[in-house]
């Protein structure tokens, strides 16, 4: 019953919000953002309670505690409460565009009571301006990567596609560098199993990985399929899964709109 | 403080809901349910954001990725955001009644911000009609299995009992096939420890398993006791734990009603 | 988007609560608390949906199932939905003041949809009065330990400090007995990485441990730094991290007040 209550709360409160929002459009500038912005380490924030920071000279004891072999002088820090795939995709763009490396990608069980992951991604660089640039690119590109994340109170679906995977996707999902890569996520996991089957039947793609609640996830309620292959085939597999996934998720929790603007 | 705020939100919003519900009883039929229903793979939905699906001819690459040895032609998929015990119990009824096997049971850390698990259960069958039948039985029996799930904003209690365990309970909890089995869950875990002690003192039962946040759960805030023995003794142990658990949970979070209709 | 919705819900509902609370100050005494209080095992409840219980003669089958070597006659049980650091700190006070030992400390992934942990701490004693006293001390001291927990809908920060660590801090974090110890937690984890760097640069302290979403936590969205050293240095490191952490968290989720009264 608990989830039905939460669902009802959600829609009830949302209805009231509509009204309120009309009334109070012009909120005053926030003080804390301003205060944080004055820190040289602060880069910015984005969708999914995501934040980007940069450290020019990382403390050597911290590097040791983090168990990082290579001694980077500067690191970029990028991650949020909601979303792993979108942040990894945005970080992938960032390593393509900058002189940085991916040090680590960790996926907490989060999404603030949702069914999925949050994220913590660390970039390494010899120069702080490179690290900062990587975090800026990731922050700027993040909203786009939420374009094919669809959600409602019952769960979420996520689809990611790139014609040319780079180091972040390689680190997180074993994607071959420079090849087309696709990610298909269904939550609750029951939907994800079906999307995996649909995707693999839709086109001639190769399975890179299959993660489920007990294996490969941080106990999230997701099934995650990672695929590679010919770019057209990968895209076809994803689009077919999306067509099947949305009505399934909507049958469980009502309308499941995109979190931003679909890009695939 | 956060949980107190959530608690207050809950009760506040609930009060308003009562009003609203009076007004709008006759909601129009939902489109997405209708659309999903037309898919041959869709079997149905149930309490706990639970869904049931069936795949007639599973893709062989998917079977391989799922690491399933035996090559089933058809699979049934059954699971939800909220609840593991109820879904396992319902699946246990399903394997008793149908020509299917339990391929896997996985327990995500979920319940939508609650203290417990969600579920992903996969049935294997040679014939799609068997797989579908298993999922139907599980969906139909699920609400009953939520009968002895009691919850409030502070946590939940779960009690399950069967006089004759089958393959799902064996797979998930090591229950001896054909013997009486009981499950006692307390969340937060502090309550579960006490219920385990009370149950074991109440009757001559055998401990099959004891799961706690760091061992045997997916880091849920639960202690889960699994018992077997004489059916009368198992039932007695459960009923005693229930009598102790409800006032304890209520002392923390207010009234803790059954999620459906108590069956034990 | 989901988290923005939750955030808005939060503030909207909170506003309405203000009104309601004015109206209904004098709630009637709760029945369930009274009923639970009559159990001899019930010790009390506290902030964070925390409960304290005591078992005079633990069932031997339970001790075995819990995998406890030493045969304590009595146990104290202490833990909650929200908070691990505060409960461990309060338990640390309790073992200092009583003739008990820490049997186990387990950290579920919880905080009711928040980014952190809950807790389950078990005290062992030969005499039930000792176990009860330990739980009482822990319950009484808990609110103080929430003093430097700061939160908003986007995450939380936690700071703990003691001039003299005891057995609970040793068990949970490897703190040297009798030495100054500090704990610095940032959630989402991205903030925690930065706080760790700031703290280590601020004073000459030693790193005891560094936990992140994939290592050392229960997949929480936190980075947790554990430090020891000269008491002045430990305190200085913590205070510097706090000064940096609060504006960062506030830039993500608005005002992040203390959960109680700051004590460091």
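Each chain gets a letter, A, B and C, in the order it is written, and its residues are counted from 1.
Criterion: a residue touches a chain if its C-beta (ideal position, glycine included) is under 8 Å from a C-beta of that chain, and two chains touch if they have at least 3 such contacts.
A quick note: this is a predicted structure, and the numbers were derived from the prediction, not measured.
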- Query: Looking at where chain A touches chain C, is over half of the residue numbers used by both copies, so same, or under half, so different?
  - Reply: different
- Message: Rotating chain A so that its CA atoms sit on those of chain B: what angle is that, to a multiple of 5 degrees?
- Response: 120
- Note on the structure: Taking each chain's mean CA coordinate, chain A and chain C are separated, in whole Å, by 29
- Check each residue of chain A and list the ones that touch at least two other chains. 9, 13, 109, 112-114, 219
- Any idea which chain B residues touch chain A in the complex? 9-10, 13-14, 16-17, 20, 30-33, 35-37, 39, 41-42, 45, 47-53, 55, 58-59, 61-62, 64-67, 75, 77-82, 106-114, 118, 120, 122, 146, 151, 156, 218-219, 259-260
- In their shared complex, chain C is touched by residues of chain B numbered 1-3, 5-6, 8-9, 12-13, 109, 112-115, 154-155, 188-191, 193-194, 196-197, 200-201, 207, 209-210, 212-215, 217, 219-223, 225, 244, 247-248, 250-255
